[in-house]
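Here it is: the structure, laid out below.
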Amino acid sequence: MEPTERSVGRWVVEAQAQFDAVVAAEQRVEPRDWMPEAYRATLVRQIAQHAHSEIIGMQPEGNWLTRAPSLRRKAILLAKAQDEAGHGLYLYAAAETLGVDRAELTEKLVDGRQKYSSIFNYPTLTFADVGVIGWLVDGAAICNQVPLCRCSYGPYARAMVRICKEESFHQRQGYELLMTLMAGTDAQRAMVQDAVDRWWWPSLMMFGPPDGASPNSERSMAWRIKRHSNDELRQRFVDMTVPQAEHLGVLLPDPELAWNAERGSWDFGEPDWSELQQVIKGHGPCNAQRIERRRAAHEGGAWVREAASAYAAKQAAREGSSG
Amino acid sequence: MEPTERSVGRWVVEAQAQFDAVVAAEQRVEPRDWMPEAYRATLVRQIAQHAHSEIIGMQPEGNWLTRAPSLRRKAILLAKAQDEAGHGLYLYAAAETLGVDRAELTEKLVDGRQKYSSIFNYPTLTFADVGVIGWLVDGAAICNQVPLCRCSYGPYARAMVRICKEESFHQRQGYELLMTLMAGTDAQRAMVQDAVDRWWWPSLMMFGPPDGASPNSERSMAWRIKRHSNDELRQRFVDMTVPQAEHLGVLLPDPELAWNAERGSWDFGEPDWSELQQVIKGHGPCNAQRIERRRAAHEGGAWVREAASAYAAKQAAREGSSG
Amino acid sequence: PADLAAYCLMLGDDALVLSQRLIQWITRAPELEEEVALANLGLDLLGQARRLLTRAGQLDGSGRGEDELAYWREESAYRNVRLVELENGDFAHCVVRLLLFATAREELYRRLADHADPVLSAVAALGVKELAYHREYASSWTVRLGDGTEESHRRMRAALDALWPWLEELFTPHEVELRLGVDPLPLREPVLASLERVLAEATLPLPAAPGRAYVNGRAGRHGVHTEAMGPLLAELQVVARAHPGATW
Amino acid sequence: PADLAAYCLMLGDDALVLSQRLIQWITRAPELEEEVALANLGLDLLGQARRLLTRAGQLDGSGRGEDELAYWREESAYRNVRLVELENGDFAHCVVRLLLFATAREELYRRLADHADPVLSAVAALGVKELAYHREYASSWTVRLGDGTEESHRRMRAALDALWPWLEELFTPHEVELRLGVDPLPLREPVLASLERVLAEATLPLPAAPGRAYVNGRAGRHGVHTEAMGPLLAELQVVARAHPGATW
C-alpha cells in the first residue's frame, strides 16, 4: 500500500520529534535513523572538512620526515603521519555512513569545493615547527575536538574518541620535543621561539571568527554537533597554553597577553583577521601548494586504482566461471 | 643531355681520384665535394658520436653544478657546461653538412642506435670528480682530438680547432682545482685520490680497444680521419699524465706503472676490458640513467619545439598576408 | 651602511637563488640552444650575486666574503623574495618566472644605476643590460608559447596563475628600502604596463589574482620563506658545509 | 667483531636508505591505504636500521650510536647496495623495488635468525616476519598491476627493466661476508624462484638483463654508489649537521 501524502507528512513529523528527543537526551543518532536533511548536510560538510584536514595536515609535518635530525624523531614523526592517514580513513568512513563516498569528497577537495583547516596553509620552516605544530596546532585541535566525542551523530563521535586519544599523544610528543630543544643549544632555543612567533596567531585563528561573525554556530549547538562558541574555545586554549609556554620558557608574541584576575582568565590581543581572510580565500602562503600536492597524488594514482579495479573484476570473473 | 652510364662511371672514377688526391695532399674535403659513401657514413657516425658525447658529457659534471662549494667554482663549472652545449651545437652542425639533421641524430641517441663515449657511464661521486674529469677525461679527449684538427673533412676539422682550444682551457681549470684541493685539508686530498682511483682506468679505456682488436682503424687512417692508433694515443696520454700526477701528489692506481728507459716511455698495466665491454653493451653504472635524462629532456621539450614551429608558421602567414 | 648591506643582501640573494633554479635546468632544457641560453642567464645572475654579496660583507663590518654569505647563512638569514625560490616546473614556468623577475629587476636596476654606492651603481649599470636581455629572452618565449599551440597556451596560463601571486612581493617595501629611499612601489606601474604589453602580444590574459599572504606580516625579505627554500639551500650548501674552513 | 660490525652496517644501511626512499612517498601515494602501508613498511625498516647501526657502533669499538652513524658518515662510508638508493619513480617502481628487496632480505633474515650474534639474530628473527609482510604487500600489488590494465602492465615492465639489473649486487659476495660465512650467493636461486612465481602470476616476463657493472670492481658494499646517493644523504643529514653536538 502506497503511503498517502498525509501519512508521509505525519511520519516526518513523528520522525523529527523522535530525532529531536534523541538529540535532546544526549543519545546518538545512527546512520539508519531518520535525520533532517540540513543536519545531514552540515555533518557531511564538517566531517569531510575534518577528514581533508587530517590528510592535508600530513604535508606540513611530512615536509620534515626525510630531514628529521635523529632516527628516533624520524620514527615518531613517521608514526604520526601514519596516524593522520588513519584518522583520515576513519573520518571518510564516518562521512560515508551519511551516503557520500570518499572519491567524491576527494574530488571536491582537489577542485576547491570543500575546505580544510586554514592552519595548514602556513609553511613549516624548521624542525622546531614539528614540535610547535604538535603543541599548539594539535593542542588547539584537541580543544575543538574533545567536545565532538559527545557529538550527536554516533559514527562521528566514536571516530573522535579514537582520534582525540591519538592527538593527545601527538601533542605530548610535540611538547616533549620542544622541552628537549629548549634544553639544547642557543640555536635550538632560537628555532623554537621563531616557530612559536610564526604559529601562535594562526593557532588562535583555528577556532574560527569571533562569535559575532560566526553565522552557523547556533544551529550546530542545538543539534549537539557544536557545544561551545568559538570565543569560549579560544579562551580555553589560551588559558591552557600560557602556563605551558612559561614552563617551556618561550615568549608568546602578544604584548596584550595579561592575567585578568577578575575573569580568572588570560586577556589576549586580536589576531590579524584580514590575513586569515586572505588565507581562507585561497591566497595563503601554501594554499596552492597543498592542493596541488594532493591533486598530483590523487590524479597520479588514478592508473593504480584503475588497475586494482580491473584486476578485481578479472578475479571476480575467474571465480564466477570456476565456481 | 643525359649522361650515359659510361660517362657517369668515368665521372665517379675521376671524382674518386680527385678525392684521393685532396686527402693525400692533406687538403680539406668540403661539403659540396664528392666523397665516397663509406667516408661520409664513417664521418656521420663519428661526428654524431662526438656530438652526443659532448651533450651526455654535461651530465656527470652537471651533477655538481647546484652543489659546487664556492661561487667561483660554480661559475667556472656553469661556463664549462655552456661550452659543452656549444660544442654539441658545432658538431651537430658539422654533421648536418653531411646531409643528416640534428633531430634525427638525437632520436638515434635516445633509442640507443648511436653511441657516446662510455666514460660518461661512470658516476661522479664527489666534487673532486669535477677536477679529475677535467684533468684526465678532458686530457684524454684532447689527445684523441688534437689530431682531428687536421682531419680531412673541413667542417669537422674547423669545429675541432675551436673545441680543442676550449677543452685545453677546461683541462687546465680541472688541474688547477685539483692543485687547490691537494693543498687543502686531509679530507680534500683523500677526495682527490679516491676520484683518481675511480677514473684512471676508465680514462685509459677512452682510447678504445687495443690495436689488434680495432677493426676500422686502418681505413680511417687512410682517409686522414684518424692519424694514430689507439695504443699510440694511450701511451702518449700515460706519458703526459704520469709527471702531472707526481706534481699533484696523487698515486695512479696501477702497480705495473714503471719508467721504461729503453722505450723512453712509461710501462703500464692492462685495463679491465671485460668491465669496459659491460659498459659498452649498456650495462654500465649510468648508461640507463644518462639516456633516460636525455630522453626525458628531449621528449619533455617536444611541446616547446612544436609551439615554436607553430608560432613561426603563424608569423610567416601573417607576414605573407600583410606583405 | 647596515641598511645598505641588508639591501645588497636582498638583491644578491634574489640573484643567487634564481641563478640556482636556472642551473637546475642544465641537461634538462627542451633544446640545446636553451641549454646555452639558460646557462648564460644563470651566469649573469651568479655574477651579480657575487658582487652584491661581497659588497654586503664589506658594508656590514662582518668581513664575510661571498662564499661565507652564500654557504654559511641559514634559511632565515636569506632575504630573497619568495618568487625566485619556488620549485621549478615546466619550461613555461621557467619562462614566466624569468619574465616577471627580469621585467621588475631591469626597472629597478635602471633606477639604481646612479645610486651613491659605487658598487651598487656599477652592478646596476651592467645589470640593466643583462636584465634587458633576460627580459627579451623571456618575452620572446612568452609570445611564442602563448601564441603557439593550444597546449603551450594552456601551460603558459597555468604558469601565470601559479607565479603571478608572488610578483606583488617585489613591490612591497621593506623598512630597509624605505629608509634607503629605494621604495619599490613606484616600479609596480611601469612593470605591470610592460608585462601587459608582452602578454597581450602573447594572447595571454593579464592575471588578476592578489598577492600571496605573508606570515604574521613577514615574508622573504624578512627571512620567512616557502617550503621550497630549505631543500634549495641544503643542496647549495651541502659540500661547502661538509668541509668547514676548506678552500676550493 | 670488525667484520661483524661492517656486516651490520651493510644490512643497516640497506634498511635505512630504503626506509628513506619509502618515506619520500608519504603524501604522494595513490591511495590513503597505501600511505598507511608505506609508512608501516618504512617504520619496520627504520627500526631494523636503528638496531643494526647501534650494534655496528658497539662492535667496531668506536662508541658511535645510531645517530652518529646515520648522520655523520659520508657517502663513501655507507655500505648499502645501490638498489635501495635509486631515485623513486612511479608506484610500479616502488612496488618492484620492494618486491626485489623484500624477497631477498626475507630469505637472508631466515638464515641469520640463528646467527651467533644475539642482536643480529634477534633483528633477523623479528625481521623475517616483517619482511614476509613486505614481500606479501609487494607481491599482491605486483599481481594486481601486472595483471591489471594495459597501462599498469606496461609500467610494471618498465620498472622491472629499470630495477632488475641492480638485483645481482645483493647476491655478489663482499670479502667481509665471505670471512663471516654469510656468502649471499646461495640466496640467489630461491629468491629468483620466488620472484619467478610472483611474476608468472602477474603475467610479467622474468627479465634477463645482466647486473650493472661495478666501478673498478667496487659498488655499494664498498662505498661506491650511484649519483642518487649524494642528494639522498644531503637531505637525510642536513638538519643534524647544521647543529653539531645538539640533542633532539
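Labels for the chains are A, B, C and D, by order of writing; each one numbers its residues from 1.
Please note the rule applied: a residue touches a chain if its C-beta (ideal position, glycine included) is under 8 Å from a C-beta of that chain, and two chains touch if they have at least 3 such contacts.
The structure displayed is predicted, hence computed values, not measured ones.
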Centroid comparison with subunit C (C-alpha atoms), farthest chain: D
Subunit A-subunit C separation of Cα centroids, rounded to whole Å: 37
Centre-to-centre distance between subunit D and subunit C (centres being mean Cα positions), rounded to whole Å: 40
Contacts with two or more other chains, residues of subunit A listed in rising order: 67
Shared interface positions of subunit C, touching two or more other chains: 230, 234-235, 238
Chain contact graph, described as a line, ring, star, complete graph or other shape: other
Chains that touch, pairwise: A-C, A-D, B-C, B-D, C-D
List of subunit A residues in touch with subunit C within their complex: 60, 63, 67, 122-126, 194, 197-198, 201-202, 253, 272, 275, 278-279, 283-286, 288-289
Contact set on subunit D toward subunit A in their complex: 16, 20, 23-24, 26-36, 39-40, 42-43, 46-47, 49-50, 53, 66-67, 70-71, 90-91, 143-145, 147-149, 151-152, 155, 235-236, 238-240, 243, 245-248
Footprint of subunit A on subunit C - complex, ascending: 75-76, 82, 162, 165, 209-219, 224-227, 229-230, 234
Complex contacts: residues of subunit A adjacent to subunit D: 55, 58-59, 62, 64-75, 78-79, 81-82, 85-86, 88-89, 92, 127, 177, 180-181, 183-185, 187-188, 293-294, 296-297, 300-308, 310-312, 314
In the complex with subunit C, residue positions of subunit D that touch it: 74, 230-231, 234-235, 238, 241-242
